[in-house]
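Multiple structures are listed underneath, in structure tokens.
Shared between the two complexes below is chain A, which pairs with chain B and chain C, respectively.
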Partner chain A sequence: MRKSQPNVRRVSRRRFLARGGLVLGGALGLRIFPTASYGATQRSGRIVAAVSERMLVLDPADHYSISATSVLRHIFDPLIDVTNDHKFTPALAESWEAINNSTWRFTLRKGVTFHDGTPFNADSVLYTLRRVRDNTKLIKAFVYQDLDAIEKDGEYGVTVTTKRPFGSLPAHLTMLGMLPPGAAGREDSFFQRPVGTGPFQFAGWTRGEVVNLAANPHYWKSGIPRVARVSFRFIPELSTRAAGLRSGEFHVIDRVPPDMAQTLKASPGVKVQSLLGLEVQQWLFQLAKAPNDNLQLRKAISLGIDRSAIIKDLLLSTARPAVCPIPPGLIGHVNLGVKPYDPEKAKALLRDAGYQGQPLEFVLMKDLYPKQLEIAQAVESMLRDVGVRFEIRNLEIATARQLRSAGKYDMFFSGWAHLPHDPDWYFGQWFTKAGAVGLSRYYNPKVEQLIAEARLPDPRIRAQRYEELQRILWTEEEPTIWPYYSQAIYGVRDTVRGYEARADYYVLLSDVSVS
Partner chain B sequence: MARYLRRRLAHSLLTLLGVSVLVFVILRVMPGDPAKMLLPEGAPESAVEELDRQLGLHRPLPVQYLIFVRDVFQGDFGQSFQYKAPALQVVLERVPATVDLTIAAMVLIVAAGGPIGILAAVRPGTRYEYGGMVFAVLGQSLPNFWLGIMLILLFGVALRWLPTSGFEGWRFLILPSVTLAAYPTALVARLTSSSMLDVLGTDYIRTARSKGLANLIVILRHALKNAVIPVLTVVGLQIGALLSGAVVTESVFAWPGVGKLIVDAIFSRDFPVVQTVLTLSAATFVGINFLVDVLYTLIDPRIRYA
Partner chain C sequence: MSTASARPPAGILLARLWRISPMLVVGGLILLVVALACAGAPALTSADPIKTRLGDRLTPPLGLGGTSTHLLGTDNLGRDIWARVLYGGRLSLILAAGSVILAAASGVLLGLMSGFAGGGVDDLIMRAADVQLAFPVLMLAIAIIAVVGTSPLAIVGVLALNGWVIYARTLRASVLSIRQLEYVEAARAQGATAPRIVVRHVLPNAMAPLLVLASAQFGTMVLLESGLSFLGLGVQPPQPSWGNMLAEGRDYLSNAWWLGTVPGAAIALIVLGANLLGDGVRKVLDPWRNV
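And now, the complex of A and B:
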């Protein structure tokens, strides 16, 4: 006899599976379809740029990322702008002057408003500068520790005194967007939806993936911006960036390495724009360790490296041999001559140096610079020919940096982009005792003195001091090999009008339109 | 039974505790300082020390761990070092993309792998079998990143039928899910085929045929039912692998999933994000295991009274 069934509707397995499938499919569809319309919107008046580095924060004082600087330059204006030929031009400051060696005065632009209608004035500058000086959790705080008093000088004037001369202050200010004073005390929520005075307003983002911006109709520069919307996508994978450009989904991509540039040049509808960038390659010697502390050995290594072969064969002529540590165009650049390639002389010097053939470690930060492994292998092979043994260690970035701090390397593959368009930061960190203690262990009181003097606001004095200290580094001491200056290479759709490849690797789109 | 469950619960909690200690210690003994990864190269040591202090990394390790555990019990997984936002929020924002990709790939695996395997098994020696096996070999041997890039170049760049990357609608899901599904689909096809071949040779199938049942009914109703069991086990295991192992696919298609997030977080020493992902996944696995144990006790009396 069958037991009586309780009053429950039986669901057959088959029906259960069918319904389950529907629910699953439905869930998938519901998640996807509402956003489908966004992807389908027409592109006219919208520029999509795909940049290589992920932007993770929306606070202009809390990063030193090139992509974040690019994006935030559209939302926030700095006090001072910088052109591609390294001229400092007025932005929110109409003018600025060094009153004495440690006082700067800024005269601010009138009639500028933030996206929420708040007027821009001295209070904004006071809040922004005091915040970046006092909140040491901010990544940029360490640069601004030299600021002392930041005072209002009328509604549209600000005076900044510094603890020591700070000649590169205007250069650093090109990288610091001005904030509305109303953000004070509510920074967490403010930077979820930031408000600036820039040519575009923040419209939304997916953290680390995409930022959408909409034109600011009340921008103070007439005729700017030229498009209604801009999107920045963050795509570290080069082949994906390049495919998106070739398919027409992206209008601009950055950080194109030399061989991809060849591919893009051959792609219809795509052009390649490039110019000499702000980056100099530098291969650091560990100077506190034998045998690198031997000047003869360092000179021999320098003579054993054929820079022009590396540039021509591996970098496909997208770099220029260095003639001094500071790249062309920046204050202090001087032609001290390309370092020669002379294997015979290198061998002779090596004999004098007393080098016993012990292997030296050449440490690389994995995948950081284009072609770095091939270049390191070429260097290793060139130096083997003159009698120096190098072992390449291609390490994950954090591990490589840890080794560098601990001084456990002989030569370290690195580069430096002079992002503020000024060399003060570079020399101050890499060639002073306090800075170099975790890097190359370089110390020369004379060079330290020249670096301090080059912080004076007078550009003539600065240029002269930089020349003098570079002569010591380049010709006398050779604590580092500066092999070449790199190009900044961009891929651009041919529908884009007015795009300018930037030496500082930024992607700036305010003055750009699409046809 | 209550004693058994209490014991299982205690085991689960101990496992979680063990995972959290392990993750915490491994991250901190890895070479590399988070503050140095955040600051530009050559930032002064004083700035590094100050940032270490701000991030709480100057405290002794046991103290850091106790603070972490205390905060986790309050639902606070800490601030991400690089995203400057709550780590839990950063991770949860990525979950939907990962789930979408996993579901889409699973649908493909089952919808394609099964039929290919069956066809290859029931038509031995024909082009169906050879075709199926070529697919299985290719699917299992083509590297993910290569396949992804080839699909992008073909369907995105040359034909322009599909977007090359991104996460804005269902069309964006096709190429990544095909790329992700290629290997497991091939695996499932091969397994289904060999399992079907075993079953098709058994007596009960011969009996079914001799009863005069239609071939399709024999295959689908009688053979498949038994052949599918080992396949289901593998499919189940693949879900876990897909959820965590989509790093390459996510990179190639700029897909904002959890896999890439955790790899980036490890490289940049973003401890809170790594800890959040690993703690949550451990908690999920431990939780599911515990539930399964509870279910066993309900189903199998031998466990209940043991």
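And now, the complex of A and C:
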């Protein structure tokens, strides 16, 4: 299977088809809610969230799916949480620090228990981290290959040494729920009915359809959760999600495209919540192939695209023109200026570039990004006006990815959500020689060096390196066009209190109540 | 088979056909008008079907708040829908006609071979037909197009592959019955070769059902081609086709209904025309009509 190829594994995380994780077995028998007593807190009500991406695994280490991250955050706590404005806050770790460039120390929270009553301590962290490092079949394992020793430092302390600097480790840990050490050796049955320390207990699921959760009455954060039950339904079809929201069947839906947002705003009982997401769109050039290897041509193409018209007319102003590859708020974001639209200059550059009018292929992964086909057609038309011919190839996702790894494209419509609130993964995959060989074929030793240095734990050094390398990408080389940052748009019933639209596209319901 | 000298003037012929089958006339006229409109697209509109104008997007049709510059309004990228329907129809109709011809030709050939040769050849062809029928059309189309890409030729090929079976089966049945008839026996007794018997005696007598099938199938092919384009397997944007216009319009049904309605109406019209024509042809060619 393709599973062993880290490349495929990484790029496919956005609409992840969780490979592995054959957890179907107990699914049907587990649909009844446990009759738990909810303690003294008066929790009532049930929230139903409908999310677009099907969740297929219950193992927090075996997916890079946004919906699975959302759901599993309710069952498991990670060591570290991340806020909507990209601040890392204590979850199961009360504090953490980089002792030196390759050592992290975590101090754990005391008095936390798993849903089955066993206490949370350093053994849980040891088991969870060693498992994801050693079991290379797990989808998240490739990130944790940099971990060296994972050692206990007292009952509530853990020291992690890394093979090379790993400044983004705290960020990655926000996506990794902590498991009880008792799961060791019986993972298969454990992940049919997972037990965590999270605000909700697993109550049952039908794989790819629905996950039911019931409040954890003993959650360590007081007052949380606020409702008795939560259900996540997985509904890829937008119109079904929207209809369910309007009829009141769903309380929260995610991934609302701009036109639907307008419709929902006009519907009674429904609110639309949105904010700038962590996602940047990127249209890759295949750099090893003529004529895209010509900088003049790439610059001409960039000048020929009217980004503000696309944002205003097609995305109905639900995006912001990019000013650098890293979205606002993340470490390394810097304003390098919006790329100008100047068709006359584009035509002049084109004459110098020696472009002969040969058609270039603009490859799209079918239905992956909202409005992508319209945007591609608008881009094609704009570029035809300046004299560059593009042919749009809207292909099945797997086919398009094959073309991309084979280098059989000229421009490729893609995007990247900067999970886990850190750009290290992005640059490591797309702009190092090893990562880009199956993508854009980008290679610049200087940039490679900067990416390596940006892995140091010191945030000031990181920000400076990212700024420097983005300057090279943005102003000198233009190996990719980054047109805009997208918004995350959610539809919410007006009976829902305290829902926060998340920049990372998660749907988090622990702090939400319903009236 | 009337000769040229005996042919009555066109008007009288039309009136006679009308009496036999008004459906044939209506269906034929619909197809004719649509085909002519599509063929004459450059004369009927000066707008570019591909040129996007984001500032003019989603203007409604004339009479519903739109202007005469865009008779049927504009789509989500500000392209003129009237122009897109006409140019898209060109492609849809050519692809459908091409695939009907290819399907009929290969189906007739295989049907003849099957009916005449019999034995192993017959078995082989008929089992191949069974396999073909057992395959879901769209799955096969997806598989083929994934391999060979979405060129117009590939689309015609996929559509024809789906269509040949009915011709082969029908023709085989006709051949089997005609082969037994006395005049074929007579021809053979006089030393006529097999190809001559096929061309002079069998084909003309098996023609009637084929015409009915072909005219009815034309509508199916338009529908199927639209289906492929709707799914993104047929004509590729920005080239318009009724199917991909429908697909793009689907997202706008609640706020700009004309995007999907116009190409949808065009498809419905063509399918209606083709079915009426098919029924009409059947009635006209029915040997028991006057009994």
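Throughout what follows, the second predicted complex is superposed on the first by the 471 of 515 C-alpha atoms of A that agree within 3 Å, B and C clash if a C-alpha of one lies under 4 Å from a C-alpha of the other, contacts with A are read in each partner's own complex, and residues count from 1 in each chain.
One rule holds in what follows: contacts are C-beta pairs under 8 Å (C-beta built on N, C-alpha and C of every residue); 3 or more make two chains touch, one makes a residue touch a chain.
On a predicted model such as this, the values are computed, not experimentally measured, just so you know.
*Asks:* Of the two partner chains, chain B (first) and chain C (second), which one does A:189 touch, if any: first, second, both, or neither?
*Replies:* neither
*Asks:* Going by the contact rule set out at the top, does A:259 touch chain B (first), chain C (second), both, or neither?
*Replies:* Once the two structures are laid over each other on A, A:259 reaches chain C alone.
*Asks:* Could you look at A:399 and tell me whether it touches chain B, chain C, both or neither (first, second, both, neither)?
*Replies:* Both: A:399 reaches chain B and chain C.
*Asks:* Could you tell me if A:335 is touching chain B, chain C, both of them or neither one (first, second, both, neither)?
*Replies:* It touches nothing on chain B or chain C.
*Asks:* Touching A:313, do we find chain B (first), chain C (second), both, or neither?
*Replies:* The answer is second: A:313 touches chain C but not chain B.
*Asks:* Could you look at A:208 and tell me whether it touches chain B, chain C, both or neither (first, second, both, neither)?
*Replies:* first
*Asks:* Which of the two, chain B or chain C, is in touch with more residues of chain A?
*Replies:* Of chain B and chain C, B contacts more residues of chain A.
*Asks:* Does the superposition put A:100 against chain B (first), chain C (second), both, or neither?
*Replies:* In the superposition, A:100 contacts neither chain B nor chain C.
*Asks:* Per the contact definition in the header, classify A:380: touching chain B only (first), chain C only (second), both, or neither.
*Replies:* Only chain C; A:380 stays clear of chain B.
*Asks:* Once the two structures are superposed, pull the chain A residues common to the chain B and chain C interfaces.
*Replies:* Overlap of chain B and chain C footprints on chain A: residues 396, 399.
*Asks:* Could you pull out which chain B residues touch chain A in their complex?
*Replies:* Spelled out, the residues of chain B in touch with chain A are 30-33, 36-48, 50-51, 54, 82-85, 90, 93, 96, 99-100, 103-104, 107, 149, 152-153, 156-157, 160, 163-173, 251-254, 256, 261, 264, 267-269.
*Asks:* Using the touch definition up top, name the residues of chain A that touch chain C in the complex.
*Replies:* 257, 259, 262-263, 306, 309-310, 312-314, 366, 373-374, 376-378, 380-382, 391-394, 396, 399
*Asks:* Chain A touches which residues of chain C in the complex?
*Replies:* Touch residues, chain C against chain A: 50-52, 54-55, 57, 76-78, 146, 232, 236-238, 248, 251-252, 254-255.
*Asks:* List the residues on chain A that touch chain B in their complex, please.
*Replies:* 24-25, 27-29, 31-33, 35-40, 54, 56-57, 59, 62, 64, 136-137, 139, 141-142, 191, 206-210, 233-237, 239-240, 243-244, 246-249, 396-399, 401-403, 405, 414, 416, 426, 429-430, 434-435, 437-439
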